[in-house]
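Right after this note come the structures.
Two complexes follow with subunit A in common, the first pairing it with subunit B and the second with subunit C.
Right, the complex of A and B next:
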C-alpha cells in the first residue's frame, strides 16, 4: 500500500513538469534515436555489405531504435543521485524513522518517476511496428518475455546504482562512479553496439557479467532470438545478479549506517 | 585584461586547494575517464571489424578524432562544466545577483569562476592520448598541419561552450531547474561521431544552426584534407555567429532576470 502511494505521488510530481516532459520526449530521446539511425546507416553504407553479423540494415536500425526505448525505461532516474544526496545532506535521517524499508521506498519513487518516460517511449515507439513491419517477428509470448526481462533489468540497474551510491558513506563524491557504471553498461550491455558484433570470446566473458541483462537480453527476447529455456536461464542469471548486488548493498548499508551522522529530520 | 588574468589565477588557486580536500574524487574521476577512453576505443575497434571506413575515415584517422574528442571533453569538464551545471540554479534561486554586482563581466565570471581542479589530471591524460594517436598515425601530418588542427580544435571547444550556454540561457524564462540541459546532452553525442555519418539536411543542420559537428569533427577534417578558405570561413563564421547569438540572448536574459534575493 505504502509502495503504491509513494509511486503514484512521485508519478504525479513528475508529470507536473510539462515543458520538461515534451522537450525531453521530442528533442532529447528523438535526437538520440536519430543519431543511432545515422550510425547504423553509415556502417552499412561504408562497409558495402548487405548483412553484418545477423543484421540487415533495417534490422540494425530497428535494434538501435528499440534499444534506445528500452534503455529509457531501464535507466530511469539513474543520474539523479537520490541515495548519495540523502547521505551527504542528512536527508537519510527521516527515512530511518519511517516504518518502511529505505530501499523499497526509493524503488517506489523510481517506478513513479518512470511515468513520463513510459509515455515518451509509447509515443515514440508507436510508429516502430508500422515502419519496421516484417523485420522482426514479435509474438505475444516474445513481448511478455521482453517485458519481464525489462522489469528485471530495471531492478538490476537500480540496485547497481544504489550500491554505488552507498559508497557515499566513505567517499566524498560518487558521481564519477555512477558515470563509470553508465559507460560500462552502455558498451557491455549492447546499448552502443549489438553484442552479436563482439568476438565470441568477449561474448562468453560478458555472459557472466550483469551487463547483457540490462539492454541486449530484453531485445533478444522481443525479437524471438531466445528459446523459452534460454530466456529462463537468462532470467535466472539476471535475478541471481539482483540477489548478489542486493546482498552487497545490505552489507554496505549496515557498515555505512555506523558511519552516518545526521541532524534533525 | 591583466586584471582578468590575475582574477583567474585566484580562481585556480582556490579550486586546487579545495579539490585537495576531496582526494577520493580525484581517483574516481581518473578511473571514470580511463574507462570512457577504453569504452570508446573498444566501440570503434568493434565497428572497424565490420567496415573499413566510418564517416569517410579509416581506423587510424578515427583514433586521432577520438583523441581530439577526449581533449575537448577534458577541457570542457575542467574549465566550464561546474559553472554550466550551476547556472540554471543561480538564475532560479536569485543567486546570480552575487555575480552581477562584481566589477567584472558577469558572463565571464559565471562561465569561469569554478575551475574543476579534480579533472585537471584527466586533461593531462587526454592530451597524452591525443599526442599518442597523432604520433602513431602512419602518414606524416606535418607540424604546420597539427598546429592548425590544434588551433581549430580550440575554436571548437569555444563553440561547444557557446552551444551549451545557448541551451542553459532559456532558464531565464523557463524557470526549470536545468533549462534545456538534457536536450543539450542528447545532442552533444553528435560531437563524438564523425560528421561524415550524417547526410542530407541533418548534416547541413549540424554544421550550421546546431553546429555540434564543428566542435571536433570539422577540425579533424581540416587536419586530413588541409585548410581551405571556404572551410576557414565556415568554421570562423559559424563560431562567431553562435557567440553573438549567445551574447544577445544572455543580455536579453539578464534584462528579464528577476532577482529573488535581497
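Right, the complex of A and C next:
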C-alpha cells in the first residue's frame, strides 16, 4: 500500500509539469529517435551495401526506433533519482526515519516517475506498427515476453544505478562511475549497436553479464527471435543478476550507513 | 489533588493524572529521578538513555590551491574530529530537555545518534529500549525528528499529499489520522494552507507543516533541532505555545536544540550544556543560575525629585556598576550581599522602585561556553 501511494504521488508530481512533459516528449524522445533514423540511413548510404549483418535499412531503423522506446522505460529517470545526492546532501535522513525500506521507496518513486515516459512512449510509438508493417512479426506471445523482459530490465537498471550511487558513502563524487555505467549499458546492452553485429565470442561473454538483458533481450523477445526456452533462460539470468546486485547493494548500504553523517558535524 | 490518587513515596508527593501517569512537580521530578533505582515497581521509564555516547568523525584535509589539489589526488591528510565525547544522560517521558551549545559543540550530532541517523563510535544508547542506529521499525514508528534547517516535506506537493503518504508509511488508522490532522492543523492555524504546494508557503507556515508531518503518528520521542530558526517573533511564539500544548496532551520525551534562549527558557525546565562535544552541565535552569551566576542584578529607579547621581566611589563599593544615570542605578551584586546592598541603596537614595533579578540565563550560558574550565 505504501509502495502504491509513493508511486502515485510521484506520478502526480511528474504529470503536473506540463511543459516538462511536452519538451521531454518532443525534444527528448522525438529528437533522439530522429537522430537514430538519420544515423542509420547515413550508415547504409555510405557503406553502399543493402544489408549490415542481418539488418536491412528498414530493419535497422526499426531497431533504433524501438530500442529508444524501450530504453525510455528501462532507464526511467535514472540520473535524477539521486541516491548519491541523498547521501551527499543529507536528504537520506528523512528516509532513515521512516519505518520503511529506502530501496523500495526509491524504486516506487522511479516507477511513479515513469508515468509521463509511458505516455510519451505510447504517443510516439503508436505510428511504428503502421510505418514498419511487415518488417517484423510481433505476436501476442512475443509482446507479453517483451513486456516481462522490460519489467525485469527496469529493476536491473535501477539496481545497477543504485549500487553505483551507494559508493557515494565513501567517494566524494560518483558521477564518473555513473557515466561509465551508462556507457557500458548502452554499448554492451544493445542500445548503441545491435548485439548481433558483435562477434560470436563477444556475444557469448556478454550473455553472462547483466547488460544484454537491459535493451537487447526485450527487443529480441518482441521481434520473436527467442524461443520460449531462450526467453526463460534469459529471464532467469536477468533475475539472477537482480538478486546478486541487490545483495551487493544491501552490503554496501549496511557499511555505507556507518559512514553516513547526515551532512555537517 | 482532586480526582486523583495520592501516592507518597520517600517523602515525595506523587499523583496520578487522568491518563494514569505519575505527575510530579519540577523539584520533585529531579529528586524522584535520583531515587528511581529503588522504585522499580513504579512506572517511571527512561525513554532516552545515553551512556558514554561518543562520535568521532574522520575528515580529510586538503591544502588550498592547485598544488594542494594535485597532492590530494595521491595522499590526503586525515583528521579526527571528536564531535561528541562520552555523553551520558537520561530523559524521561513528558520531559523537554534543552541541548545548548555553540556551533559545532555536538548538539546535532548527539540528536542524530539518538534518532538513529548516524552510528556512534563509542558508548551506548537506548531509546524506548531500542538501539536507535539499528533502526528497528518498532522504534521508528515512535520517534520524530524535526530539523529547522532541513525540510522533510515534499517541496512540489501540497502538504496534505505528504500527510497522506505519511499515513501509509506509519500505518495510521483513518480515524486517528483525521483526528490528529484536525487537531494539529487547528492548533497551528494552517487548515487553509493544507492544499497549497509546500514551496509556496511562508517559512513559518512551512515549519508548522513540518511539525504536523512529524507528529501525525503521535511519536513518544520527539527531537527538535532548531525548530524556530529564521522565524519571525510571532511564528516563534506560536511554535513554542504549540509545543507546550502538545507536551501537555501527549507527554512525549523531547530533546530541543536551539540558539534562541527564549526557546530554551520557555520550553525546558532542564538543560544540557555541551562544550566541544562534552557535557559540562546537566540540570535545571534554576540550577545553572545558582551554580554559575555569582551575582544578582539590583536595579533602582530614583524618585523624580532626586539630584543626579554620579558614578560615585561609594556606589562602586556596593557592586559592579552597570548603569548609572537618567535616574537609574543598576548594580551587579554578589549573592550574599544582595539584602545589605538593597538596604543601603534605600537608605542613601530617594528610591521610587527597586528590583532584584537573577542574571540573564543567556549571558550565564554564554559565559559557561566561553570558559574552558569547569564550574568555579
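As a working rule, the second predicted complex is superposed on the first by the 261 of 265 C-alpha atoms of A that agree within 3 Å, B and C clash if a C-alpha of one lies under 4 Å from a C-alpha of the other, contacts with A are read in each partner's own complex, and residues count from 1 in each chain.
The rule is simple: a contact is a pair of C-beta atoms (placed from the backbone, for glycine too) under 8 Å apart; a residue touches a chain by one contact, two chains touch by 3 or more.
The structure displayed is predicted, hence computed values, not measured ones.
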Which of subunit B and subunit C A:46 touches, first, second, both or neither: first
Between subunit B and subunit C, more extensive residue contact with subunit A: B
Partner chain in contact with A:82 - subunit B first, subunit C second, else both or neither: neither
A:224 touches, of subunit B and subunit C: first, second, both or neither? neither
Contacts of A:100 with subunit B and subunit C, given as first, second, both or neither: second
Contacts of A:258 with subunit B and subunit C, given as first, second, both or neither: second
Which of subunit B and subunit C A:184 touches, first, second, both or neither: first
First (subunit B), second (subunit C), both or neither touched by A:31: first
On subunit A, the residue positions that both subunit B and subunit C contact, one per complex: none
Touch list for subunit A against partner subunit B, complex: 17, 19-20, 23-24, 27-29, 31-32, 34-35, 38-39, 41-43, 46-47, 49, 52-53, 170-174, 176-177, 179-180, 183-184, 186-187, 192-193, 197-199
Touch list for subunit A against partner subunit C, complex: 1-2, 5-6, 9, 12-13, 16, 90, 93-94, 96-100, 257-258, 260-262, 264-265
In the complex with subunit A, residue positions of subunit C that touch it: 57, 59, 81, 83, 104, 106, 108-109, 112, 115-119, 135, 137-138, 140-141, 143-145, 147, 150, 152, 154, 156-157, 161, 164-165, 168-170
Touch list for subunit B against partner subunit A, complex: 21-25, 28-29, 31-32, 35-36, 39, 42-43, 46-47, 49-56, 174, 176, 180, 182-183, 185-187, 189-190, 193, 196-199, 202
